[in-house]
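Two complexes follow with subunit A in common, the first pairing it with subunit B and the second with subunit C.
So, the complex of A and B:
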C-alpha cells in the first residue's frame, strides 16, 4: 500500500457563536487548507466531510448540506461520523481514500456549529442515552463524564487538584493559539472554586461549546513529495468501538482507546510508545480525559498520568508534550472540528511551523487521538516526518 | 509557507448582546418530532418484569455472563443468549455523581444523586439510576444499596417503577 501524507491544513477561529453559517465555516477552513499547499479545487479528487449530529443544527444530512463549502461539488464525497471521535476518524477515513490507490488527493473538512441549538446543545445530547432505561431518568450529558471521572479518581486515588493541573496547562498553552476561544491563565484554586456542575466536574474542568471548522489535505506519496519538502506521513491509523452497554464496562480505563492505539502502533512500527512518540494530542473535552486517554494510549501507567502532569513531563518543554495546542479546554470544542484541530497541530508541530506553540527538540513522531459517543469510540493516528 | 501563528484565523464571533439586541438576523424554528419506539424483545420483558417488581437478565452460556440489561444476543460471542434469569434488586454503587444541572443545562437547587448500580446476580455492572435517602457526602463507591419500588398499582412498566436505590 502506498504511503499517505498530510500536506496542508486550515483552521477557523473557534467561537461561542459565529456569524458564519456552517457552510461558510467549512469554506473558510477548506480554502485555507488548499492555499497552504498551493492547490486548487481542481486538484482535489475526493472529499471527506465530518460533522456531528444533524440534531444540533436542525439540518437534514449535514454532509450534503456542507458540500458546497467543503469542496464537494461534483466530487465523490463521504461523511463518516463517530461523535467526538470524528475529528481523528476523518484522516483515518481519508487515508483509505488515498492508500487504496483510488484517489491521489483528498480534502478533509470537519465543521461544527453548536451555537444553533437552543437553549443549550446539551439538550440535543439527550438522545445519546438509552430511550427506555435512561431517558426517563432525565439525564444530562455531563453525567456520563462525571460518573467516569468519579470511577477513575476512586480506582487510583487521584484528587481533583491533580486533575485540575490539566485545565491550567491547556488553557495556558492556548494563549499562544490564534484560534483559541477560552485561553486564559488560571490556577488550580480557580478550578476548584469554579461552579460544581455535576460532581466531581467543575465548570473549569469542561471545554466550551463552540462553532468552528478545520480542514486538512491528504495526498499520496509521489504527489506529497512534489507539493512539499516536509510531508507529514500518516503512518498509523487505528480505531475501535466498545459496547453500547456502558453500564457493564469498567469506566476506570478506556479499553477502546488502547485497542485503537495498538492498531495504529502496529501499523506505524511503534513498539515502545512512551519512548517513540515525541508529542501527543489526546482528546481533552474534560480535564480528567487527557489523563484517562494518556493511560489508554499506553503513554502512562494505569493511574500514572497525573504524576506525569505534576512532574511537568507533559508541558511543552517537557519530555512528552501533551496538548501543546491548548486542546479543547483552551482552544474550544466544536465537536467534529476539535479532533481535526489536533491533527493540524501535530502537522504544524512536526514541520516546525507552530510558532509560539512550537515544542523544542524537532519532534519527529506525533499522535492525535479523539473520542466520542457514549464513551465508546477511540480514534488514533500516528504521524511522522522523515 | 504557512506558519500557524502569523495570521488571524477567519471567523466572526457574535456576542449574546448582538443576538438579543437584534443586531444580527436570526430565525427560530421549534422542532416537533414525536416518536413511538418498539422496546425490542429483551427490554420489553425487562420492563414488564419491572412492573412486577422484579429485575430480569439473560444468560450467555458461552462466555458465562448474566446480562443486565438483558439482550437476546450476546454482543461478544455473537450468538443468541440462552435464557432468562431473575437477579436481585440489590447491589453496590459502581460509580456515582451529584448533579446540579437538569437535562437542558439549567441549574437546580436540590441536586440529583445518580449512580451506576452493580446489580447482585449480574456479571458486571447493571444500569443507571437514582440514589435516595442518602446525603451526598455519605455516598461511596462500593456502598451496598437496595431498590425502593413504587407501589404495584403505580407501576407502568418503566425504569421509573424503581424510585431510587437507597443504602442498605
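So, the complex of A and C:
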C-alpha cells in the first residue's frame, strides 16, 4: 500500500452568515491549503469536494457549483458524501486517489453555507427523514439527538452536569482558535440554565449553524517528503454505515463508529488505542457526542467517558487531549468543513504548529472522527508523524 | 502497470417511463439481488465496500446515503455516496480496489425520475444562483444554445443530429429494457414539435426509472468467480467548462476523461482499437459532440459518418446499440451505468438481438447533464 500524507491545510473563519458565496469560501480555504505547502493549482492532479446537504446552499449538484472555487476545473473531480461524516470521509476518499497510484497530489476541499437556508437551516433537516414513516411527524435533529442523549444518559446513569463539562472545555479551548465562531468562557451552570431546546438538550449543549470551508492537500510519499520534513501520514482509514432504521438500534452506543475505528486501527497497526493514540478530535455537534464517540472509538469504557472528562484527562494538558481545537461546540459547525477542520487540527498538532492550542508532549499519533446521517455513519482517520 | 480490476457482476431492473408500484428502495433491491446472483457473491460476507451514485435533490431526500445500505446488502458496512454518475462511482471503486484496502466493491445507481413533479425546477436549482438562475432559463434551452454553438463551430448539421435520434430510438426496439423505443426515421425527428431551438422533441431524451448495480473486484477475486471477468482497462473523469465553457462547445470534459482512460488502457488509436461505444446522447447532438471529443471521429466528421451509417449496428463503429438515453430513457446518474451494462453484455456475448460480432474492447461514456461540464469514460475489454 502506497504511503499517503497530509502536507498542507487551510481554514476560513467559521461564521453564522458569510458574505462570501460557497465558491468563494472554497477558494479561500483551497488557496490557503496550497500556499501552506508551497504548491500551485498546476501541481494538483485531482480534487475531492465535500459538502453536506445541497438543501443548505440551495444548489442542486453542489459539487459542480463549488468546483471552480475548489480548483477543480480541468481536473478529475468527485464529491464523496456521507452527511455529517463527510468531513473525515474526505481524507479517506482522497487517500484512495493517491494510494491507488492514479494520482500523486489530491486537493481536498470541504465547504458548507448553511445561512442561505431560510428561515432557519434546521428546517432543511426535515428532508433527511423517511418520506412515509417519519416526515409526517416533522422531526428535526435536535429532537432525535435528544432521544439519543437521553438513551445514553439513562443506560449509563450519566447526568447532564457531567455532559455539560464537554461544552465548557471545548468552548474554552476554542478561545485559542482564530476561526472560532462561538468560543467563550462558560460554566456548567450556564449550560444547565441555557434555554431548553428539546429536553435534555439545552442551547449550550449544541453547536451553532455555520458557514465556512476547510481544505487539505494530500500527497504520495515521495512528493510529501520533497514538500515537507514533517509529512503527517494517513496511516489508518475506516468508514462504516449502519442501517437506516435507527428506531431499531440501541442508541446508547455507536456501533458503526466502533466498526470504522477498528478498520482504521487495523490498517494503522494500532492494537491498544488508549495507549497509542495521543490526541483525539471526535465529532462534537452536541456535548454528549464527544463522550459517545470516545466510547465508540474504544478510547473509553462504555459509559466511562464522562469520568475521563471530569478527571481532566481530556484537557489539552491531560493524558489524552480531546478536541483541543475547541471542536464544533467552540469553533462552529459548517458540517463538512467542521469534520475537515478536525483533520486540519490533528495535522497542525502533530507538526507542533497549533500555536496557543498546541498540546504538550509532542504527540505523534492523532485521530479524527466524524459522524452523521441518521445517527448512522462513522468515518475515522489515524494520522501519524515519524 | 495499472492495477487489474474487473467487473464480475451486473444486475438491473428494466427501464420504464414510470414505476408506480415500486419505491426506489425496491428497484435498488432488485438490481442488487440480480447483480449478486450474477457474480455469485453474498454481499453480507463477500463484498467489502458499497457506493451509491446519487444527488439529494433528484431523490427528494437529503443525505440520501442514509437510505441506501439496507436494500443493497450494505448495512453495517463501508458505504458512501459519490455525488456523480455511475462511471465516477466506478472510478472510486477502482481506486479503492487499486489502493489495496478492499477486494470487492458494489456500485449502485438508479433513477426514479417519475417521482419528480417539477423536473424543470430541479434543473434550475443546478444553475448558479447569483449569475444564471435569475435569467429564468430552462435546462433544455441551455442545451439548445450549446447545440447551436456546436453545430456552427463543428460544421455538423441539424439533420445529422436527427439521424442520431432515429438510430438510437430504433436500436432500442431490440432492447427489452428500453422505455422509449420507437420506429422513427430522421424525417419524423425533424417534424416532431420544436423543443428548444434547434432541437425538436425527439432530439431530447425523456426520463425513465430503473436501477442497476455493478460489482467490481481484484484480478485475484475475479478469477475465482464463475462469470468471465470484464476488465476495466482504463477509466477517466473530468470537469472542464460547463455553461460558460470557452471550448467551442467541444465537450472538453469528454476529451480529458478519454485521455486519462486511453493512457491507462494503452490505447493510441481509439478508432481502431475500440470496437463499439456507448456514449451519452441526452440530446441528439451530444452523441456527435462526444464521439469527436473521444477521438473516434475528427471534428465535423461524426455527423456525416452517422448519416452514412458508420455508427449503425452493422456499421464500422456501432454507437449506442442499446438505444442510448434517447431510446432507453434518461436515467440521471444511472445513465452512464446503463451504458456500462450494455458494454458488459456485448463483451460477454449476451446481448441477444443486439449482439455485435466484433466485441473485444468497448467504451462507455457519461455526461452529468446541463449545466455541468462533467463526464467520465471507461474502457472495458474481454481480456
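Keep this in mind: the second predicted complex is superposed on the first by the 386 of 386 C-alpha atoms of A that agree within 3 Å, B and C clash if a C-alpha of one lies under 4 Å from a C-alpha of the other, contacts with A are read in each partner's own complex, and residues count from 1 in each chain.
Throughout what follows, contacts are C-beta pairs under 8 Å (C-beta built on N, C-alpha and C of every residue); 3 or more make two chains touch, one makes a residue touch a chain.
Please read these numbers as outputs of a predicted model, since none were measured by experiment.
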{"item": "Partner chain in contact with A:138 - subunit B first, subunit C second, else both or neither", "value": "first"}
{"item": "Touched partner set for A:19, first subunit B, second subunit C, both or neither", "value": "first"}
{"item": "First, second, both or neither for A:187, with subunit B first and subunit C second", "value": "neither"}
{"item": "Partner chain in contact with A:317 - subunit B first, subunit C second, else both or neither", "value": "neither"}
{"item": "Which of subunit B and subunit C A:159 touches, first, second, both or neither", "value": "neither"}
{"item": "Touching partner for A:245 - first (subunit B), second (subunit C), both, neither", "value": "both"}
{"item": "Subunit B versus subunit C as contact partner of A:81, first or second or both or neither", "value": "second"}
{"item": "Partner chain(s) touched by A:355 [first = subunit B, second = subunit C, both, neither]", "value": "first"}
{"item": "Touched partner set for A:52, first subunit B, second subunit C, both or neither", "value": "second"}
{"item": "Shared subunit A surface residues [contacts with subunit B and with subunit C]", "value": "58, 131, 243, 245"}
{"item": "Touching residues on subunit C, where the partner in the complex is subunit A", "value": "2-3, 55-58, 60-63, 65-70, 74-84, 88, 91-92, 94-101, 122-123, 125-126, 128-130, 236-242, 256-257, 260, 368, 371-372, 374"}
{"item": "Complex contact set, residues of subunit B against subunit A", "value": "1-16, 19, 24, 28-29, 31, 37, 39, 43, 46-47, 67-69, 71, 75, 94-106, 114-116, 122-130, 136, 141, 158-160"}
{"item": "Residue ranges of subunit A touching subunit C (in the complex, touch as defined)", "value": "1-2, 21, 52-55, 58-65, 67, 72-83, 85, 89, 93, 95-97, 99-102, 124-125, 127-128, 130-131, 237-245, 255-256, 259, 263, 267, 372-374, 376-377"}
{"item": "Residues of subunit A touching subunit B in the complex", "value": "8-9, 11-20, 25, 28, 32, 36-38, 58, 118-120, 122-123, 126, 131-134, 136-140, 142-143, 146-148, 150-151, 154, 176-179, 195-201, 211-212, 243, 245, 247-251, 344, 348, 353-357"}
